[in-house]
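Below are the structure tokens for one structure; questions will follow.
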Amino acid sequence: MSTLAQYGLLLGLTVGTIGLVLSLYALARAIGKARTESGKDVPATAGQLSRDPVWVRYHARYYGYALLFLAFDMEMAYMYPWAVVYKQVGLVALLDMGVFLAILFLGLLYGWSQGALRRQ
Amino acid sequence: MTTAVLLLLLAFGAYLVAVLENWATSGRFQLATPAFSALALLGRESVLPRKPDRIFFEVAPTLLLISAVLAAAVIPLTPNLIITDLATGALFINAALVYVLVALIMAGWGPNGAYAMIGGWRFLGQLIAYAMLIVMPITAVVMRAESLLTTQIVVSQAGLWNIVYQPVGFVLFFIAAMALAFLPPFDLTTAKGELAGGVEAEYSGVRLAVFRLGRLVLIITLAAATVVFYLGGWQGPWLPPWAWSAIKILAVTAIMLLAGRYMPRIREANLLSWCWMFGIPLALLNIFLVGVLVLVFS
Amino acid sequence: MSIELLLALITGAALFGVGIYGALSQTNLVMIMMGVELILAGAMVNLLAFWRYLHPDNPAGQMFVLIIMTVMAIEMAVGFGVAIARFRAKGSVEMEEATELKG
Amino acid sequence: MTAQMFFIGFFGLASVWFGIVVFRTFSMVRSALALLFSQTALGAMFLSMQAEFLGVLQIMMMATEMSIMAIFMVMFMMDPGGLGEMDMTHQKRLSLGAGIVAFVAAVAVAVFVDWGPIADVAPDAAQQTVDLGLELLGRSMLIFETAGITILTAMIAATAVAIPPVKRKPSKGATHHEH
Amino acid sequence: MITGARHGKLSGLRRLLATAMARDLKVFVIPGPDIARAHGLDINAAGLQMVASPRHASVLLVIGAIPPALREAATVIYAQMARPRALFVLGTNALLSPLPDADMTAELSQRDLIEGVQQLRQLFSAHAFRPDISDFDAPVLQIRLEYTCPMHPEVIQDEPGSCPKCGMTLVPRETQANMEHAHMEQQQTDSGTDVQMASTHEHQHMADDTPASVVYTCPMHPEVVQDEPGSCPKCGMFLEPREVKSESTHEHQHQHQHMADDTPAPVVYTCPMHPEVVQNEPGSCPKCGMTLVPRETQDTHEHGDTDSHANHTGMDHSAMNHDEMDFMSMVDVTKDLPRSTDGLPMEWIDAPFGPFFPGLPGGLLLSLTLDGDTVASSGALSLTESMNLLAHSPMDSTDFMEQLANMDPLTPVAYRLLACRALENAAGINVPADTARARAGALERERITSHLGWLTLFAQQTGFDWLMRRAGSLQLKFQHASLEQIVALKPAIQTLIKRLQRTLLLKSRTVGIGRLMPEATMRGPVARAAGLHDDARSADQTFTTLGFTPAGRKESDAFARLHVRLDEITHSLMLIEAAGAMESPTLLPVGTASGTGDATVETPRGPARLQLTLTHGQVSAAQLETPSTPHLDLVDPLMEQQELGDALVAVGSLDLSPWSSQQTFPQ
């Protein structure tokens, strides 16, 4: 199979899944519509009708990790091609990536020491 | 043809996962229960919350299912039984499964409910914890196989399965895979006792059915990925390759589903700090060890 | 000249234009960063198209794309770092207020 | 028109459309996720251009990064739900003008420059990854290591700016969140 | 017929779906699974599967007669269930208005439950779809539309329009129309004394021990202060309770108004990192050592006891006076927001957790203010209206005992014993030693049952499936076990405890969570986990002869509480064996005696004390102190600044019973 045909197949799977879901929805719709009744569409909060809109500025306490993750994650972009040729290149590759990872690890250690690795 | 067969197998596998999950939660092994549950969900109303982000609310279950199905597409059951043997298969699994996060964020934000929203953002924190532990062990696997092809990865384990060759990587990957599938004890995002269902709380009827289906496919896909990366895929004596794949996948699924029953849910703070303070250094160590081993044995 | 290349370059140009519009028109630091992301994405498309249609035998083209991806990640990390710091200090990441509240 | 051409155009269009949605919606989460899908469409476009490794990488990396962007949007935007339909732009005309000028100029360059001979065949997908790996460890090694240093700098800068220094206090009755 | 059926004719595919629905019954239990188990019901064994969200449930199972406030909450749950839905009521034939008529009723026993489920299945397969259905509606579901500015949540008006502060278009927001009503009714039935709203988040006041009373004030109009809950005469909002030092209520209020009106705002000093640190003089922060910065007090902040968070903001006049309406300043918006511990001014949301929250005791309502996933402040309120201690005065002594025994379904024996002891004490009856021993045995059995029930709830909260199953089934087995059965169950308990000690993540989940300051008011196992050897059984002759020693731990966190309860289970087993008999307490005849009686019983949650006056064999006055009432006040300090999951574990570790509350009669 050519690579383009492979991508076509993946696209086909995506479209097919959407089709499956849509037909399920259509079937459910054919069985009946949800009845509009008072109180039913209010988000369920354990017996009280919740009233405030909850879409407010949410405090994600893990933002210290998130900042480090944004940068640290990038390392993966380099590691995959490296891993593929690792055996072929040999020791140089190990040293090369060793230096790269050591540099990144320093950043991690710095973040750790500054308290980025905790709930803020 | 292969695609059709594999999709049927995937559906069948998801059904078996549902049976296993029902067994793990209710203690009863009933083959018919998931079928009834699915039909019942189809027949029940699917309530749309007031003032939702309608697009998110509708797209989330579908996206979850799509991402799981696409990830399954590059997993081989036998050397030839694979939907598409992508040249970057090992990376593609990651790429597809990241959209689980997107789906959960959408499902959390969509209904405009407090429990769901907290559940959705919690999963982002969970991703930040587990993501590196998915990709780094896979890198080590790729180092040994010298290829991102999933079939090649299985072939590379002919002599020795990766679970023996790089046990640290296996443990990290397994834990991270459970976290990715938000299985207990990592079910922070759908926690029943803490968030009354979290991101699932507002879904009902057919939308819930699609959401659950996506989750089941996700679990079996991750189990299959574990088998491919660490348990030698279809390899094994006596039995035909497909049988080995099936046995291993179901065994891994059962362990994934059962393990969480015997411990309380992890704290989000602990998950994050343990993954970053122990997990990532261990994953780096694993890469280094595998690097040395690969050089020594080549 | 190939249509594919032209399509890719036009896409890149369009993303670049949308990004410029966003970066200039938005008042909020985070939104400005989105504009910058789009500008970088536009550059990325161009580079990849050049690699694919002009020098497919030279992997350095792909290397450039990787570097741009890195730049995007770094820009986000630093940008959000600054956003957090500003928000803690001023309670706002609106750029208009950055000029009006110097010091 | 080949299928490849169609998909390049299709995903390019999708990418641009999502890019426009970023600045047209009031809901900040929608805005961030629109950027995410813009980048995903770009990844799919890369795949159509037979750059498999980069395409998949783009699809993967941008999903996590833009999701993190979503949480920062929700943290720092005034009305993340977009309920107030608040206009948060300034110098709109100028920006629009600049955007259009940039677009037209770039297109003009694309159309009028002679790009030389077009290569029809891209290397095999598996080969691309290998080539890229060899490039990383060969000619571009310094670039690669420099990228490492840059990432380190970014990590340090972000942490130093954003994280209040750890208070070394006699931790009695302190919160147990700290390690 | 099912009032909650779906619309449509039952034919073809629908028939198949109805059959499937009958096989797949998902149930939401009211007031909660804990009550179900306390009544000896095993819901899973009956073939029903419990779910956490009403959206996933097809059956609403109501256990026993429930008080009006809970009925209204149950109505909301019922309304939020997707059709087809059925109402299944156990143990009462009374109308549960505003809930609709029950689709199925059964007695409160496992056998009847199982039979009821069978009939329910038939009902579903026959009537899941009906052509003749009508919408369900109830006053409690009414929603009133109000309009609010997304930026200025304190701007609330009944009409659409634009915000007077920033000119933005107001967005509609829904609010429960008779929210006030629900709470009013609650308040009245509770005779105004035992609404336990833990004072929300003012620690300066928390710290000093002056007796406090609750007044109600409007979050928008701090000058509105009244003694009763209700709605604000100015804006109609639900008034928020707040604690006021009782001796100075009036003065305080007066001063408050005065300052808000015309005095220039005084300067106080606060830590930029710890906004809760406020003092009148410059200096450094006691928490982090930073130099305090001066801050002008704003109207809502100045006394520190108004709930400025409730409306998300302490919005103020500067924003109102903002003259350039075209540009909205985010600085203005965030300026007066309460700062989180990390210094970021975020918006807070109010989310109710309860009264039917899967990880909390049924009937307990926690109103949490959440800063992200962290609890900024909380209020705990029991929505169960306990019946009046004396239904009428004077009251027959046997009736009184029965009534007290029925008060708390979680620990009936302990309260029955308490009533017996107090009555016998008042009548001057000496209880024979063997009866006392048998009663002690029954009390200890209930302690084991109750602690196992707590373990089950804890397991449910933390998603610890195995423990939930194991402890739940043991609880059911212990409930009415005979002496021999208890001896036979002993190894099972020992295995359970041993496995808990080896459980992964259990320690990290509980250590350091819910730590209480030593000066907090603690009772029972909570106190014993804090190193206080405070156990009413120590003073009891019967128990000392049985060889009782109180359990104890020092750490005063959830881990210590868990272990104290496990130790107590072991001790109780020993005590039961030593007592050699178990008998539910029955009242010895008090005749027409008169006198005052006083008794204290160590219930599984701590000591309960009953003082009563007996006049000619009839109870004429009584006063009850229960352990859960003071514990409700601990909820807010325990949850404060905790991650949501931790906060819930912390509250769970207190083992609150919403059903028993402190009362005095006559008042």
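We call the chains A, B, C, D and E, going by the order they appear; numbering starts again at 1 in every chain.
Note that in this section a residue touches a chain if its C-beta (ideal position, glycine included) is under 8 Å from a C-beta of that chain, and two chains touch if they have at least 3 such contacts.
Note that the structure is a prediction, hence the values are computed from the model and not measured.
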What chains do subunit B and subunit D have as common neighbours? A, E
Which chains touch each other through the most C-beta pairs? C-D
Intercentroid distance (Cα basis), subunit E paired with subunit C, Å: 51
Whole-Å distance, C-alpha centre of subunit B to that of subunit C, is 32
Averaging only over C-alpha atoms, locate the centres of subunit D and subunit E and give their separation in whole Å. 47
Can you check how far apart subunit B and subunit E are, centre to centre, with Cα atoms defining each centre and the answer in Å? 37
Sites on subunit A at which at least two other chains make contact: 3, 31-32, 34-35, 40, 42, 44-46, 50, 53-61, 63, 66-74, 76-78, 80, 83-86, 88, 93, 108, 117-120
Can you list the subunit C residues in contact with two or more other chains? 66, 69-70, 73-74, 76-77, 80-81, 84, 87-88, 93, 96
Residues of subunit B whose C-beta touches two or more other chains: 42-43, 45-47, 50, 86-88, 91, 109, 112, 114-115, 121, 124, 128, 131, 147-148, 196, 201-202, 205, 268-269, 273, 277
Provide the full list of chain pairs in touch. A-B, A-C, A-D, A-E, B-D, B-E, C-D, C-E, D-E
Residues of subunit C touching subunit D in the complex: 1-31, 33-35, 37-38, 41-42, 44-45, 48-49, 51-57, 59-60, 62-63, 65-67, 69-70, 72-74, 76-78, 80-85, 87-88, 93, 96
Show which residues of subunit E lie in contact with subunit D when the two form their complex. 149-151, 168-169, 171, 273, 287-289, 328, 330, 333, 341-344, 346, 512-513, 515, 517, 641, 643
Considering the complex alone, what residue numbers of subunit C touch subunit E? 84, 87-88, 90-94, 96-97, 101
Note: in the complex, subunit E contacts subunit B through residues 6, 14, 16-18, 20-21, 23-24, 44, 49, 51-53, 55-56, 58, 80, 82-84, 128, 174, 349, 351, 357-359, 370, 372-373, 459-467, 469, 503-506, 508-509, 643-646, 648
Tell me, which parts of subunit B touch subunit D in their complex? 53, 55-56, 86-88, 91-92, 94-95, 98-99, 101-102, 105-106, 109, 112, 121, 124, 127-128, 131, 147-149, 269, 273, 277
